[in-house]
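This report concerns only the one structure given below.
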């Protein structure tokens, strides 16, 4: 059961092979047995999950089942979930039980999905390894000495380990695509504004975007259809119709024009990753696509621009954690300043403080123009690179990360950790969609192929990824950890 | 642009983050290297390029002026650290 | 040395929307603490703002009313600072691209002269909550009901030169926003508050002196008093060889002084940057034109019309156009009676006197504009005389009748104009007053005019005030002179 995709599970539920309750119980049992070691969940909602499964079974019995009814999934602990602890991986919110549902959570609930719980993540989504969680690091199911990637590391690891067939993540600089790549699953970051941000704890508001993480592009299509759409509660969500993402999956790739950004195959790229990536691209050629080299000349400015914009927005977004209305409050504050300073010093972890300090510094008087304004100008140039390129080609392809999953504890230095996101970060600055699909291995560790498209081209990306998965079986591989513990 | 101890202390105060001197010293080093990486931006000529605040060229949608929220004080204050008579309590503010 | 005062005002006007600027919570005043603070107002993790259309419309209406330019694009920024009444740790405001550009406001001074005060810009922002300092075991209580109430901050140029001008400017803003109906203007409830920037400079000097900012002054009177105190303080300070420092001060109305807000805070650094949760507000021309074509007549226009078309004095026009309620009342009374000057006199005289005595706003006047207009009409068509009119007014005020006519009828106040009846009364008075008649007859002819008053009084008394005073005068004179 835990090996199947969402689409397969839906078929089995329809066929009466098992009930949603049985499926849910099976997965909760696996979480119970396996997650102690893996640490992919912060909160498991056993009772709510079984109640939702029973409700889904009842709906199905009445003949009212939709495509997602009774399907289990997990939510990154960044999605506010009514009545459930929503920690964002932080001590600051360890005591926070959300009084409301994020729009994504509401939509998934309405679609009849069964949430098993909240997955581990880098604190406030700041990180690329899931080592910045207050709840401890998550292990990579393929190799316990490796990181699962971040910040949606818990979601990626849970799916890869067969604890849940799909999970929701968020991606501010690669936080869906990179952990999907590291864990050998499929992860889609939609166009900025495609999915409502309401109820998603903000890291960097102009970059954050939620998306599905699952075994296949087909499953991602199913989930994206359920969560996408205009939300009146999010000013930045886009009023634009949601296409039938599943319908276009089967389109052939004849004539597809693929661009390979020169800058994504340069220095720092692990040769084994490059080899796997180029072999994957060859598969597309065999499917009738043409490949040409293109250039995104401002690629190397993406990380510096990101580390101005994201921390600046974060420094402001995280000011609300002041120990007054919710969240951690220090003991016996002497005065107001002490309340603020100690509550925040105790509640936030190291990386979060680092980014708050960077953001505060770069926004402060005398520095704003040199940093923030400059970074926004560069942001325009980076977006323009993509817009220009998509005049020539349909999609861009390259590695999701320069290396496979690195060892836990390997990147102690923040700057070298930041540089890991070289291929994912520009995408958020430009607001375009991107998907990472399993495309091979380096030793035991998976490699992800990243496919990028123009704004609102999710249907095309899913189609391209799906066709690749029809021709390859990387996405069917399961880590020994999941197999042994069947 | 070099970063000094005082810059970190100043940012920490503005951000209301309690840092002792040792912690601040650690951040001077980290932040210094991050800013060094960021300073690469200065090499790029952006003369005449309009800053981009949002990735899409969208404009603000307006909400009708209607009261849609009802009182949920009890639920909201369930996760509050200190409340009395419906008020959030903080150490005395002196004006 | 002669000193000149330079004043600029930042007026914060709470806009009269039903819901908050970025959330659907109610803005009603006086609710139980924190019962009107929704998830968005509290800044719960994950919430997002959506801009209220009415707040935008009201801001634009104000801009149009002060003939300001309305930029096509305005942008919301975040002003970052920590304070318990500021839930998100930032205030959403407009720093660089405000919704209303430069405009001007005409103020009327006591002598009836006018002056134009330039407005630098006006921007939208959210109000903060309130800190309550009653003793909660030595703690401060925070009520966030007000958090997120839309504010329009109107920033003047430093064009004001005296406390009186500043008060007149504040009144002019008050009158514009209440005319537009975009604020209730209730200063006691904090619907209008202002920060006052004051500096002094030697008369003739061009450079501005160092200014002090007096925060949160919330009445016309306090503005005058705060400025008066501050000017004196600054002048004394400089004349004693001191220097004014740029600082924020608070006005204490109980002590009638301003004092420095001693905060441990070093200079603020608000780290403004564009709010990433809100997109640029783009106003298309058709929308602005639509709002423009629906603007009501504004105080300055009304004042000009009252002067030019109705022939009122500058003073009357200014008083009667000061508030929309006053102007509407006057205009209805005028339309009913058909005479602007009479209506102006009655509204400013009898009616205002009665309202002031009872401390009532004109909106709560027991005598309606129609009733007053009908009363004035009865004076003008000689149905009643002036004395009876006052009686009728009092009766209307006391609710003793539905209309002037009813009261005139019921109390028999109709003026007697039948000269036969008046002559009969005069004859009787003359017959009963031989001594006074003798005095009259013996007096020098140029003294007699004064002496006739006695007889008029007697006749009016005999008629219970209903005789037409002009007729009485005329006939008495004829009859008495005939006796001489």
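Quick notes on this structure:
Read from first to last, the chains carry the letters A, B and C; within each, the first residue is number 1.
The rule we apply is simple: a contact is a pair of C-beta atoms (placed from the backbone, for glycine too) under 8 Å apart; a residue touches a chain by one contact, two chains touch by 3 or more.
Predicted, not measured: the structure shown is a model, and the values here were computed from it.
By count of C-beta pairs in contact, A-B exceeds the other of the chain pairs B-C and A-B. Central chain (C-alpha centroid nearest the global protein C-alpha centroid): B. When chain centres are defined as mean Cα coordinates, A lies farthest from chain C.
Note: centroid distance chain A to chain C, computed from Cα atoms, is 58 Å.
One finds 41 Å separating the Cα centroids of chain B and chain C. For this pair, chain A with chain B, the centres built from the Cα atoms lie 23 Å apart. Looking at chain C, one finds that residues 39, 42, 44, 50-51, 80, 82, 84, 142, 269, 271, 276, 278-279 touch two or more other chains.
Annotation for chain B: residues 14, 16, 53-54, 58, 60-61, 63, 72, 76, 82, 88, 90-93 touch two or more other chains.
Taken residue by residue, chain A touches two or more other chains at 96, 99, 206, 232, 235-236, 315, 319, 322, 324-326, 336-337, 340, 360, 364, whereas all remaining positions touch fewer. Interface residues of chain B facing chain A in the complex, by the touch rule stated above, are 1, 3, 7-8, 10-12, 14-19, 27, 30-31, 33-35, 37-42, 44, 46, 49-56, 58, 60-61, 63, 72, 75-76, 78-82, 88, 90-93.
Partner chain B is touched in their complex by these residues of chain C: 17-19, 23-26, 32-39, 42, 44, 50-56, 75, 80, 82, 84, 131-133, 136, 138-144, 250, 261, 269, 271, 274, 276, 278-282. Note for the complex: chain A touches chain B at residues 95-97, 99, 191-193, 206-207, 232, 235-236, 238-239, 298, 300-301, 303-305, 307-308, 315, 319, 322-329, 333-342, 344-345, 348, 353-354, 356-358, 360-362, 364, 367, 370-371, 373-381, 383, 413-415, 418, 428-432, 455. Interface residues of chain B facing chain C in the complex, by the touch rule stated above, are 14, 16, 53-54, 58-69, 71-73, 76-77, 82, 84-93, 95. The touching residues of chain C, counted against chain A in their complex, run 39, 42-51, 78, 80, 82, 84, 87-90, 142, 264, 269, 271-273, 276-279.
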